[in-house]
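Listed next: structures, encoded as structure tokens.
Paired with chain B in one complex and with chain C in the other, chain A is shared by the two complexes that follow.
Then we have the complex of A and B:
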């Protein structure tokens, strides 16, 4: 197996070594993969050297096809300075296609802040996040069993460049590791498995490894989240979040025993979870937590200056494969989130992503409901999302409200960054609804006045 | 509270009577309208306790079915609703919803919902359903006002409106969230009666037409319409016997009966019952009698000869009775006219259900009424009612005869069944209002004349020309004045006690949704047991969408509405055999029950168990009814097998059949390992206060699928049969 891959990688290496357009080489690479929750965080430290003759403006990051579809986010930073005087400079990363990518390899293009002159080296720090990459095995467990998962990756870093020296660390949540593929030198110490150091690996080297370990962290997966942010210029922002939640770990098998669950909590249902934490904005008020059939009475709210925390429980503990749907709604004062741009337009500044901590969102839809009469909406976001416009009718609406719909798949907590929606709005529209109500009452009184004074009898008395 | 407001109006209007006449009239109108407006609002907000205490939710059992069908109606439209075959209930039989329900409530709620949406109020249908009952209660107060005005005077009308607004007998069925047929039916009932009385009084076709439509609405809303179709003919008959026959009555009854009957036939669930069922035959008989009466009247007018007429009368009456009797006999014998149903019998004979239909007797609201619940629901009205009757008899008219008959008959039915207190409530309120109004009016007029007396005192010498009654009044003045004031104070004290009692009852007894249970913790804090919804939501989210759930029929509607799963039996108890099959499964040994469950394709079994929390209306306490209903169809199940010396026990002394039947096993599975109360042995059942008799329960064909956090609902999965080797 390994031999075949070596042959394959050497072949493609010969074929592809110059296709990236630049002559770069990675002098030293260190990869730390954190497997302690169901969101896999990988930190990659690369020391890149330009060995060509032309200055290089960018470099490629390569990912195997199994990872590319679970890849939620890639960030890169350049490090300058030594030790304590380190400064981090975020770099622009965007997905790219290579015409002759071997075996559907996916690429990201990292643009350097300043082009790398020949002979110069730079240290990059790359963070990438993988979702749905831990495969439960066995895929069905009973209540008393703990959850074991597979993680598949390569012992060596997939890269279109030559890597002189590299090491990979896997950090598991507990010391219980059932097995791991050995690619010499590889060893395990406590919660850490170390692969490497490996010297001089050719481009596109690949050495598949499987780590089989215990992971009982809550696999909170939101299959679909719809957040509706309704702007009212009367002073508040109403946010309604519809969750469809599931336990994404090993499926629950057989009996659920309440006796075991409540009396032997430590060994029973260790992979299940029954409490969730949502981080809400500060000054939040009128919080509610309900589902299709009514309120759910198990929640606690702690408000603070920087953030508010809503601790809540679904109606029942969630075991593998069990689902729960619920709605969280709250209100925040408008002045903290709505501003006027210098050009007279208004903009909403709000946080993207899902308020639940440590959660994967498979499909996130954010609907920003602008006040009736708003025009020309436009959005500013640090990453690409699908956008759409809709019309929504709410209380006393005649022409309907413009709804900006933002939709993104595979969202992780790192996506909780501010975004802006710009629109134009004339304050006179604010008076439309009160005017309608006032006139309705006015007509009722006029009608009753008329009724009292008009004699509808045919026969005169 | 409302009652207190109603009476000062009388005072005020009489005080200011001396000032400008027109102004007084306007003042009086303003007062009346504002009092009615306040009563209207009061009736609404008094019913909102449950929303404030808990949340805006549907209560109890039947309302969940009504809610589910309303949801269907608003989503799919009327045509689909009318033709809906519901495969989620009564598996494998299913239920034709459109043909087996009274659609009035759902259509009303949907109309309110559509109107609000048209007016750009985007409310949720649940809020509409929750608030339908209070809204109609408010409307009932308005009808009560007009009814009271019709039978007595405006004062009585106002008092009646105020009394009915907060009467516990009515509130019990119309709090926010109690989305049941009765919510709109009482409004329809009172409206029909009012319009009919008005029609009889005026002889006008338009009022009769109105009452026919009111009757149609009532038929569409509730099975209690049978009360109208029997009370109205009875009333007409009484009028005929007492010699109060008139053309007005003829017009009113004929129009109301014919049109009402034709309209009622449009409701599929009622169909041709008006001409085919024994319960409706009285109305038809009275209708024919009216024709005979009219004919005789005409003949009498034509003949102008008393002797000849007497002979003719004898012949016609005999032949009419003969023909009628033969027609009824032939109809009944040939099966065209169905005999009275069990429910009707059980109304006339309170002991009937207990012996013949255990399924009716098993419902707590069908039990005969205890005196305490009369006191609880009527409070002072119980004493005011006879007083009101006295006033009615003192001033007999067509209208007062009606209210007396309505009051007496409905009070009898209220004594037979607890839930029928509701029907009697409007009558009791109206008659009591007459008592209050008449008393207060008499007393205040006494006071008023006294106030005039000092003024005339200066001209006392000239006062000899005044009527002698005034002189006698003057003589007994000190005693009368004090007496009148004391009595007035007494009346107001009673009315304020009534208001306090009503508020207390509403808040303590009638505002619990019964789906969420609340208790006081050790430190006085409020503990919520939300186990029902926990279990139903678990079913909804974590079982296959085509799973069939078997439970006792009480929970059927809730499982389909909240759990969205198919049930074997539900609260629409139309098929006794099917319910008996479930009862039999619950009371059999596990392997016998397994065969029954397999034959019904059951995937999950749901039981309600209160042993951990001390919740007493659980399945173990209902178990004897399951045995009785099951045994009523399947003689294999015998009640004595589950009793020890006629006593129902679950502890060590229980009968072996009891300790090993399916219900016992499912309720107490692994309960023996649990310590429920400090200082008590394991497996101590807090609902019954005993240590259970069988702590080592093994399940062979079922496995625990889910148990809620307080153990109130336990769900078991039925395992597929093991492979035969």
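Then we have the complex of A and C:
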């Protein structure tokens, strides 16, 4: 009997120690969800208090299983100081698994800079980005109709902790909101829908709401992007990008009337887009834009000191479900991107992600082609990607060039951060290419020498 | 993860312009301490260099072939032939490399 009680109490103690959710409490939570574009940005301000007896080193952020699939990025910052003198300290966020997750909830673990002592509060600002979360409804629209989408979320923030007070704001791009689920107290003022304030909600409480609103922002989705960055130690970096672009919104049904499209542009094809903007590095030259047919001339390049902008148009405007495939290539000088590390290795410092603005990339592949003779490649990235090594044979190659392949899914413009690729290279290997050319010419001379010297007479003169 | 900016976090817009400038200057200063690697020869002189080396190479090739044509079997000197062949091929090889680089094929 005593043994059974002892085993039960140990089991309870173990259960309590595993569920690290019970000694923190969220005093105030404010969530602002920006639904203006097809990339949903959510800002969560949490005031967390430690009501337990032990210092807390981290806390959990919970997401429903439907959102976890579409979550592109989660960032957290700790805010200290007041109004004008606020300092922001980035915190480490990692996805994690909890053994007793109800209904397949997904978790992210935020590690505090310094463990939170009992009784102390800290204010955190969390940004999370959702892709493919706006579902077009109706799913098919004609040319003259506007695009309406559903956004599904909860009025109450899903959290493993008790939340004392919370408010959620949804910001829509236009004042046209067809409907929104009413969870008392909820009201709408122009482009903003306010859910709350809600008091004293238990952990894991969830109140599903659907907001049905008009969103005509361009739903530019790149299904696949392959970016090849070729390093040449003779002075340039050649970047070639292969795009497969689609319109990710409500599918187009019926005919496409060019007359309607051109004469009544404001009503016709309000959710379609025909212009795209790519932000390129500042000192860019030899930019080309072409596809399988040939060169596409509808483009404008504006070079600048901080960045260059390439405004280009596909051959036709894109309506829901339509696709466009094209290649953009450009060259940048090498000294802006290749540096020497203190330990003698060389590294390429380049920006990850897609140069197009406000686009989601479903599958991004970046191939960094290192010059022949490079050894020991390694990469430094602020987030996880799938890495691979390949070999590419290009001009004047004998053994081939090492290619570092980085692959990532669900990429948003917030992923445009610098990354580094380190490798070792002995400068003497640069002479291999001219040596190959010199020996080719020398072979021609030797052949002509041999021809002149060889005596093919049968009878000696 | 030092000095790696975590992207365009929208909270940046809440900061004052002065602290933003300070943060940008700091990242520029960090970049300047890293030693940039460029081409061993300035890229701007590739076309000029290719013209001159190819010209010299072709002149020596011409000398080589004229020597072959005008000399007879007896007073032909193998050393002279090989020397001019080597020098000509070196100049022609480098000249064609710079020609490739000048025309945009960065090998």
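Everything that follows uses one rule, which is that the second predicted complex is superposed on the first by the 425 of 461 C-alpha atoms of A that agree within 3 Å, B and C clash if a C-alpha of one lies under 4 Å from a C-alpha of the other, contacts with A are read in each partner's own complex, and residues count from 1 in each chain.
By definition in this document, a contact is a pair of C-beta atoms (placed from the backbone, for glycine too) under 8 Å apart; a residue touches a chain by one contact, two chains touch by 3 or more.
As the structure is a prediction and not an experimental result, all values here were calculated from the model.
Touch criterion met: A:323 reaches chain B, while chain C stays clear of it. Of the two partner chains, chain B is the only one touched by A:296; chain C is not.
In the superposition on chain A, A:395 makes contact with both chain B and chain C. Look at A:315: by the touch rule set out above, it reaches chain B but stays clear of chain C.
Greater residue coverage of chain A by touch, when chain B is weighed against chain C, goes to C. By the document's definition of touching, of the two partners only chain B reaches A:259; chain C does not. Under the contact criterion defined above, the residues of chain A that touch both chain B in one complex and chain C in the other are 394-396. Listed in rising order, the residues of chain A touching chain C in the complex are 41, 43, 75, 77, 84, 86, 88, 90, 125, 127, 230, 232-236, 238, 286, 331, 333-336, 338-341, 346, 349, 382, 394-396, 413-418, 427, 430, 433-435, 437-442, 444-446, 448-449, 452. By the touch criterion stated above, chain C contacts chain A in their complex at residues 1, 4-11, 14-16, 34-40, 43, 61, 64-65, 68, 81-82, 85-86, 88-90, 92-94, 96-97, 100-101, 104-107. For chain A in complex with chain B, the residues that touch the partner chain are 254-259, 262-263, 291-297, 315-316, 321-325, 393-398.
Contact residues on chain B toward chain A in their complex (touch as defined above): 55, 57, 120-122, 516, 528, 530, 533-534, 536-538, 540-542, 562, 670, 673-674, 703-709, 711.
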